[in-house]
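Notes to accompany the following structure.
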Amino acid sequence: MSAFSFGGSADTRVQNGSGMLLRYTFRRLLMLIPVSISISVVIFMIVHLLPGDPIDNLIRVGSSPEARERLATKYGLDRPLITQYFVWMGNMFRGDFGQAIVLRRPVSDLIMQNLPFSLTLGGLAFAFSSVVGMTLGTISAVVRNPILERFVRGFILLGSTVPGFWLALLLILLFSVTLGWLPVSGAKTWSALVLPVLTIGFGGIALVARVTRVALIDVRHEDFVTLLHAKGLSRSAILFRHLLPHALVPVVTILALRIGWILGGAVTAEFVFGRPGLGSLLIRALGQRDFPVIQGSMLMLALAVMLGTLIGDILQAAMDPRIREASK
Amino acid sequence: MHYTTKTLLHFGAAFMSTGILTMNLSPAAFAQEVTIAFSGPELGVTSYNPVTSTLLNTANSLIYDRLVEQDADQSYYPHLATSWEESGDGMAWTFKLRAGVMFQDGTPFNAQSIADWIPDFKGTENNYLVDAIGSVEVIDDLTVKFVMTRPEPNLLYNLASTYMGVPSAAAFDRLGENYGVSEAVGTGPFKLDSFSVGLETVLVRNDDYAWASELSENQAAAYVERITFREIPDQSTAFLELKTGGVDVLLGVPTDFLEILEEEANVAVIQMPGLGIKYMPINVTVPPFDDILVRQATALAVDQESILNSVYKGVGAVANNFLISSLPAADVDPALNVSYDPARAGELLDQAGWTMGDDGIRMKDGAPLRVKLFTQNATDFKRLTQVVQAQLKEIGMDAVITVFDSSTLRDEYKRNAHQLAVREYDWNNSDILDWFFSGERLGYPNVSMWNDETGQMLNDVAMTQSATSEQRIANFKAYHEYILSQYLFAPIYQPTINIAYNSEAVILPEQIRGIRFRSQTALDMKVVE
Amino acid sequence: MKARAFDALDRLGIGRAFSSSLGLVSGGFLVILIAVALTAPWITPFDYAAQQLGNSNAPPGWPHLLGTDEFGRDVLSRVIFGARTSLSVSATAIGISVTVGMTLGAAAGYIGGMFERAVMTVVDLTWSFPDILLALIFVAIIGPGLTSTMFAIAIAYLAQFTRLTRAQIVRLKRETFIEATVNLGAKPGHILIRHLLPNAIAPVIVAAMLAVGDGIILEATLGFFGLGAQPPTPSWGAMMSSGTAQLFLAPWVIIFPGLVVAMTVIAVNLFGDELIRALDIRDRLRGT
């Protein structure tokens, strides 16, 4: 039995490592199809389980039942759910996300409008977590100073225990209200990115630092490191040229696997800092029951998560000792 | 821990220096630009098509001009119409139009523009505005006549509504469904530059503008070149933005922030009378509120004075009936006005058979007086609702709060799953009574679920059978008094509209003309040099 | 074998976690916190719901040690009562999550094949989707309140326990002593319940404890979004939901509950680390 989440059977073990990895990747890509379809069904069901009706946000309080019916027909909401689902999926295959009911625009326009904000924020938070986390992880693995190590450990701990929204509020209080250095909200300038990136990134530092530390301690005792020492390479050269690249793979892996967590953090950050993005689009659409928008943005988020998991899993598979052994 | 803080500050400082650089380069620093944050009720506009939209904001009122403007005292002023005349029987209205007005796309504004525009309302959600207009006749280039199907004393009010901003027929027909989404063309002092739904709307000055109404000092093009309207969903964030210079004008400041704003040297506040009230509808179909005694007791339990003074720091006014005080139909028989009387509330509950239990909760037939109290997921609603909850406890009623988002809340009303709710409305016209108490709209918006013959009869008379303004007022007053006599809701509070601005960045007139901040004020607005 | 099977619950193991100074401090804090939550109705200085509108937003001092909120309610009393709400919601949610997750994970790991693939696919989906969104949507569907918050948290953490249990079972299945049992002719159900699950339980317990900390944060976040505990019931999250401006008007209303959340989660994490060390299961928690 393989340790992979999806598929993998005993016979793959006899093949060579890279062939196995390719086959695994292919298998996983193939799996994406049924998984995406089941996700789309789940998303569609969830959306239609929500109490409330998007039409209510289109009509006046005193509107007639006929007006309501006319709108329901216009947006296909009066058709059986199963038909609605297939219409949605059919359009989706043609790259058409449908028309937003309350927001009165193509859903794809809304997603394209918000996606760049999400990507910038998520990407910078990802980078921030990696850089700071790896620095701290390396310090705690390399420097044998118990006091320093304790400080680093404290910092790491703090990062994983402070609620994101609370940190965001404190950051606003300090940097925007008291010091007046950074804007409170919005996304007009690059400076408006600083606090949201800190808010999301801070929570990831702990994870990255922990993974880096473990990875460094693991490889420190491996043969090739001993060999490098014997060759007379300096400690820092070993660290930067050989050890850290090793740690990079597990760090990227763990972050790719936790992409959902970055997206979740983005939801909170977008909410507190009034930023546009897929998360705030989704929350807004949820409030207005704008079904096509909820479906479209949830599907986008799910796809991002699936791709992240896929990359993470493949990287993990690449590092799997059994595969490495097989390729010897 | 010391180390922790320092590291954080270091990272902060690194980012900060880049932050300051970019901020200086940002266009907001240039002159003749103003950033305005919408008020809470204005958020979420999806289109600047006044004919079809059911929600519009201040930016819409700057893109379009109206035939008529309304001032804060509810009086009417000419704008695109220079004068008007109603025929003796109320069956025809003739409007003289202003000469020399041009739409922003270069097409001329004239009688034909009106004749093209009014029929566009047919079949839309806003049709009620022109419902009484049978046909539009072009008399000459600048004279237009409305032939009415029935007298409509409320016509001027409708024409002054932001939904009756006049669009360019050419653009309207050309863009179809996309009108208002990508482009919007009116005759107003500002042109739509860009619109990102849910984020911001950027307007630029209409340099040709020379047809301001009497409500503005400035009769030429606006002083300000560019206005950015921002949607900031959280009112407290908007407030912090004003405080830190992120926005220059805040169109709606929650009353509880006024106290802090007073301490800010650079912030000035303008108060205007509000357009609605906060109230608590009572669902008459669900026990114990099917008993009018319990309803009356509930209404009398709300201490309006205490709420005004504690929650709203004395700003605004108490509400004793359903309409804002400036409407004549609000002037009802004083005996029917609802004000706090806990002793009487207690007597009424005793009379209804609800006796005080040991734990401070009344009991009847072994069941406690426990009711549901719904509210909306917004800070100000939750705050007010918790105070009301505590006041109901005083008369022995255990009100259990549930906080819903607005879509779910509407669903609950329609399912008749509610008992009490804390709500508000924004509408400075007596016909709001029809919207919230008509038997045709049970559940939502008739949250009180009131439906009887007398009420419906009085409603019909007020809505469609008033020939003159005086009659309309008398009819609505009668309907209003009948609603009050049935204790269908507890009136709570009449808010003010609070506009706050950074006095180091912009100059606004001391008194805002019109019912709210609109084009007349935007024309007079200046940037501090 | 029996002794080994129960080593997770062994008092010595837990006791050992208290032996280091960090373990003592963090464990002690948690014990006190739980005691405070249990005795909240008797130890709060004021009624948590009693309003004093004339004394709103009073800064910390006497008699309101942590100040009052916008309704003049005592913040200390609300923080104490909030411990009761937040801890019980999180602990119950994780309890549900562990029970369901262990069942699913054990079944998946033991049965294998298509069943395993199906379960893990579904579970991975819930794991990867942002927990806060999962919870927001769940609460939107079944309505606000503590019960729905509880289930939302339970669903958000379900995958973690399913994966962990499954990984343990798969690992144990390969171990020699199980193979020996199988060779001796034991029934599958017997093997799963008597041998596999007890061995898998120690890492699950530790992971559950750490998850309670995360659950507290998720509860607080939902409370901040205005979901969860209905007013006037205090929870740490709900106390912080009165908007950014409150931070400026009366920072103590937001800072103290946040601090308590952070301290609690730190204590949970530290004590969890000590437990891992004491039970010697670090390797078994990794890679899941």
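Here the chain labels run A, B and C in written order, and each chain numbers its own residues starting at 1.
The rule we apply is simple: contacts are C-beta pairs under 8 Å (C-beta built on N, C-alpha and C of every residue); 3 or more make two chains touch, one makes a residue touch a chain.
Note that the coordinates shown come from a computational prediction; the quantities given were computed from them, not determined experimentally.
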Considering A-B alongside B-C, which chain pair is linked by more C-beta pairs in contact?
A-B
In terms of CA centroids, furthest away from subunit A sits chain B
Taking each chain's centre as its mean C-alpha position, how far apart are subunit A and subunit C in Å?
22
Based only on mean CA positions, could you tell me how far subunit B sits from subunit C in angstrom?
44
When the C-alpha atoms of subunit A and subunit B are each averaged to a single point, how far apart are the two points in Å?
39
Please output the residue numbers of subunit C that touch at least 2 other chains, ranges allowed.
140, 143, 244, 248
In subunit A, what residues contact two or more other chains?
50-51, 158, 172, 177, 184, 272, 286
For subunit B, what residues touch not just one other chain but two or more?
234, 237, 240, 243, 405, 408
Taking the complex as given, what residues does subunit B use to touch subunit C?
234-237, 239-240, 243, 256-257, 260, 306, 310-311, 377-379, 382-383, 385-387, 389-390, 400-405, 408
Could you list, by residue number, the parts of subunit A that touch subunit C in their complex?
1, 3, 5-7, 31, 35, 38-39, 42, 46, 49-51, 157-158, 160-166, 169-170, 172-173, 177, 184, 214, 257, 259-261, 263-265, 267-268, 271-272, 279, 282-283, 286, 298, 301-302, 305-306, 308-309
Given the complex, residues on subunit C that touch subunit A span 112, 117, 120-121, 124-125, 127-133, 136-137, 140-141, 143, 163, 167, 170, 173, 213, 217, 220-221, 224-225, 237, 240, 244, 247-248, 251, 254-255, 258, 261-262, 265-266, 269-270, 286-287
Give every residue of subunit B touching subunit A within the complex, in rising order.
1, 3-4, 7, 11-12, 15-16, 18-20, 22-23, 26, 28, 44, 46-47, 54, 125-126, 128, 177, 181, 196-199, 230, 232-234, 237, 240-241, 243-246, 405-408, 410-412, 434-436, 438, 441, 444-445
Show me the residue ranges of subunit A that touch subunit B in the complex, using the header's touch definition.
50-53, 56-63, 67, 102-105, 110, 113, 132, 151, 154-155, 158, 172, 175-177, 180-191, 194, 197-198, 272-274, 276, 280-281, 284, 286-289
